[in-house]
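Next come the structures, one after another.
Look for chain A in each of the two complexes below; its partner is chain B in the first and chain C in the second.
The block that comes next holds the complex of A and B.
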């Protein structure tokens, strides 16, 4: 009965998932803010107005002003553009690179040993530490942040894709395709890749959230998007010195980071439940086996 | 059966855990007690002064480095032939008296007798000579001794110096300046530590002796019981010095908000380099005295004179015309108490302060700047602006100037680095177009170190070199003042650098700390004669 109603409409299936729905409700306004930042922001986020610095919250400056007299609301709004752009680009790049490497690694045994050892090597380092190292080597630039985080996150995507490939390639329809003489590339592209997509999409969503968080962390340490560009991490980092006197400098970008990361994680969880019902079953299994 | 065994094992682990937990609580409780005990000292117990500094020391070799906060920690340990007075003029410290020949070529110094080093040895002329020779070799300011032909001991307490060129009272300032100070150490240590930055042993003649330095943690001094003090009244670095503490501990606390919190919780008695945004709040707290320190620090924009865009005088003039000093200052400092507008290259506290050529200062003239850019044929090439993240004031000044330059049409690449990278990059003419630094020059001659072609920026010109030469010889203040004005005019006309602000330092102390001579309001920490009344 229930499975029948679930099959009723695909959109309905997504919206019935509370996690996904909550995530979307949080994230959609963020994305709208990021896209329409120049229209929403009342003033230039870089415009200095030294006479009016450290203004508290007012109608003119809903989030107050910072140590340069810049409008914090405008900065946070433009920060959404930067943070989501950096996060989104990282997610996209890791997905593309991860899929290629993962497919190759899962399908060709010889490549697998080499690639996976290399990926393991990358995964040994704590993310932020390697990020700091990479940023120090690459130099401060927005694209370098994306590059560094892509290098950091790709191994996780590769592992997920490879795992899926290893499982799928033993299935009958793959053997059938091979028997009728379909080329390897075509098998990978037409038969294996579409079946990997579900876990991939879930992981990429988490990667998006992770990238926003790490970008903020790197910016906070002075190694992320170079100031004066108002990424959320930068705003927090600049406001750190004035936390006692102007707490709004840290509170609002902090809230934005929390909200966007929460939203993305909820979406990720929701997608996992929707796209891969097996995982949900696995989650409930340990309780029964433990008892 | 297995179940019971499991329970026994659990019980054992649980009790072991409890045991360690109580052990830890006990130990930390004990530590807390001693800590508290030392804070609430009575007359019989040790008196300890806790000072919080903002960063650690790359080296403890004061002779070899101009970097701060080393002078703060080494002023109680070392002494020089001369020190700075309340008015920042040189006054004798280890020297008893001195004389100079008519032609200003031969100088004779008599040092005080009976002065003891921390290792028990008595100070003699040989120690002074070895120390000064070492200083000349390892100090970035050693070049100021270029014309020293000979230095020798006439007897146990007399030193003579012969120069190739006449040298005026400036010599005394060279010996007194507290950045990379020409401190006196025992001969054997000076001779066995030939390399700058690597001092074998920290032994001086000051009222406190060096005990221990734990990298990134703390530096500890203890009272030197055999200290031989001068008898004249206290005068900043010099005069009578009393060591009122059994120990002084300099804690390394890089996070400014932690220093403030530590001061408020009475963990530290004196804290340095506070964010001036906290000034008004600390002023309200009865147990805390905020201190604004002089002399004012000049924040100045250095341009690359050797390579790139700013070798063109019109480009430099464009930047000079574009700067709005007031806006930069407001961005740098949170409260008005901490900055001042002043056109001079000498701080307001210096007797050389002058408004010569002040029409070049604080122009904020966009049209004029654009005009200069047209003359220079500027094609929109991005300026490599090195920004130091570690110093919040400099960082904010850089951001503000970046915006001001963009407003007149100069493309700016803000390259933000940590201290080590910043220092490395600024020394490379290919990777730097401009950066902001800060400092104070109480005497015109002191500019020669930075603006004689050696310091990044590599400014040098025949006219200023001629003025420096005259200054080195001139002893009369009135004539030196005129030369100082001339130097300021030349710097402005040639745009050697650009004044972007004057700001004051900010430290604070608990009000239980008594500072009778008000020395804490001057540049570095001078901790002798300071005491605690609890």
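The block that comes next holds the complex of A and C.
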């Protein structure tokens, strides 16, 4: 009996949360599309077909074609791969770097003063502006987009982790660990880090959504993933000149961006409720920087 | 000479001073504490909140919280001065030769690990030669020794799944994990527990002590616990020890006015029956910045004399072997006792 309740209850707890469930329902197909893009897409997203440009929606081209006659459906499907990859990689990198810096900052007082001033310095710039600056300096490359966004988002993760560490390090079990002779490094990894994971996971989820938005924003400005690679931002950017005649060029990638960001935000809110009941009813403030 | 001392005293603290460096000034939170614990005995350390009991325990482990610093003194553990050891040597002593049990079993266990896993950590830190299987067997043995039923299953339980009493048993098992600590510091081990569990835990301490010939430094504000458990008592007030005595002597012939006040403040049945008010010591622990050049208890003492107690800090005097008191008015108090 006991082991059974244990095996099933965690999953139930996640699925009972409506926010999380809705978010998952939206995001799961996105991820599947991104992973199986080469199978799903009917044609090569880069294949130019000058004869069939600006075709409206048809059975052959469900989302129509663009100015070079490229199949927009294939481009949007492959765009999922790029956009989710860039967003996911950014979320992962910020999590890893943010945890290291945040742990050090929260635990060692002297380091804290230096690190936090530096992080404050990074945070006073408007996100997209600094993103433009960084991309101009780094040059267009998919990984550079990830790098620039990581630099932009890491301070937020650092703040979250640091706050959690500051709270947790005063708890008795940390003292108890010291008393049995555990070293500082081991206390950080074994006793403090696992207790900060809840707010971290939530923040990283929001970071994922944020990264998709910012990547689109940068691509829209021609500073993101270099064309002709079909990231969602790129497709919108290409289509903006033809919005009167061929609105489908912008509508479908726009919908995909909205849906994935919505899904991720719902998941983030859901996780926040599930992992930290104290924070229930406090909704996240969406940190939209680009659209 | 030194050899002799270390034979008799497991712990010997001399003139321990811990100062807190705050924005408002330097606070001498421990101001020359002397303590000694013999092999196999229990020394009770009593005093009201904020007098420095817990700080003394932490200072012995060299874990004084910020912004405190150990300024002076010597702490000998079986003859070895802990205050001159490098930090990594000190870490080897914590949890192995000196163990500590905390007041709050609810918060002194990490919520993300099973209790078995947490006890195993002590062995991982101090007995790195043991294999995983040996460690697990040892932990189950410890849980059993700590009076936890079906230890094989409880090994995998998380702290939140256990009651307060069970958690305190886990904490005690953790303190004993390395086998035979020379000194066990118990900081109000039963304060958070209800009275029946309290009695069980105290009984357990006694059993363990008999079995292992271990010394215990028992910190409490509950004189009932002292009467049941301690062999000797040190009464602490405002960062210094004001009276030492054997436990029987303390209850019979306490001499320091503060100790007398504490003893009078115990709730007793006749008092409850008569619906009399509980005795309290007037005033509060003095401001640590304002205790120079007078007796620390001066402002609250019924026996105080302005020209004697208000002029300088009284010396510790030995009224008889093993009974020391830091009071300049001992004769007056003895006289008062005879009259009452």
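Everything below uses one rule, namely that the second predicted complex is superposed on the first by the 272 of 291 C-alpha atoms of A that agree within 3 Å, B and C clash if a C-alpha of one lies under 4 Å from a C-alpha of the other, contacts with A are read in each partner's own complex, and residues count from 1 in each chain.
Basically, a contact is a pair of C-beta atoms (placed from the backbone, for glycine too) under 8 Å apart; a residue touches a chain by one contact, two chains touch by 3 or more.
Please read these numbers as outputs of a predicted model, since none were measured by experiment.
Peer 1: Superpose on chain A as described above, then tell me if chain B and chain C fit or clash.
Peer 2: By the criteria stated at the top, chain C and chain B fit after superposition, with no clash.
Peer 1: Can you pull out the angle centred on chain A between the C-alpha centres of chain B and chain C, to the nearest 10°?
Peer 2: Placing chain A at the corner, the angle measures out to 140 degrees.
Peer 1: See if chain A has more residues touched by chain B or by chain C, and give me that chain.
Peer 2: Of chain B and chain C, B contacts more residues of chain A.
Peer 1: Contact-wise, after the overlay, does A:228 reach chain B, chain C, both or neither (first, second, both, neither)?
Peer 2: After superposing on A, A:228 lies in contact with chain B but is clear of chain C.
Peer 1: After lining up the shared chain so the two structures overlap, which partner does A:195 touch, if you call chain B first and chain C second: first, second, both or neither?
Peer 2: Touch partner of A:195: chain C, not chain B.
Peer 1: Now for A:67: first (chain B), second (chain C), both, or neither, which partner does it touch?
Peer 2: A:67 contacts chain B only, not chain C.
Peer 1: Of the partners chain B and chain C, which touch A:51 in the superposed model: first, second, both, neither?
Peer 2: The answer is first: A:51 touches chain B but not chain C.
Peer 1: Mind working out whether A:244 is in touch with chain B, chain C, both or neither, as first, second, both or neither?
Peer 2: First partner only, chain B.
Peer 1: Tell me which partner A:137 touches in the superposition: chain B (first), chain C (second), both or neither.
Peer 2: neither
Peer 1: Is A:171 contacted by the first partner chain B, the second partner chain C, both or neither?
Peer 2: Touch partner of A:171: chain C, not chain B.
Peer 1: Minimum Cα separation, chain B versus chain C, post-superposition (Å)?
Peer 2: Superposed on chain A, the two chains' closest C-alpha atoms are separated by 38 Å.
Peer 1: On chain A, what residues does chain B touch that chain C touches as well?
Peer 2: In the superposed arrangement, which is not itself an observed complex, chain A uses no residue for both chain B and chain C.
Peer 1: List the residues on chain A that touch chain B in their complex, please.
Peer 2: 46-48, 50-51, 53-54, 67-69, 136, 139-140, 222, 226-228, 240-246
Peer 1: Quick one: which bits of chain C touch chain A in the complex? Just the residue numbers, please.
Peer 2: My answer: residues 61, 63, 91-96, 99-100, 102, 104, 107-112, 121-122, 125-126, 171, 174-175, 177.
Peer 1: Which residues of chain A touch chain C in the complex?
Peer 2: 171-173, 175-183, 186, 190-191, 194-195
Peer 1: Please give the residue numbers of chain B that touch chain A in the complex, ascending.
Peer 2: Its residues touching chain A are 256-257, 260, 275, 277-278, 281, 326-327, 330-331, 334, 389, 392, 396, 399-400, 402-403, 414-418, 421.
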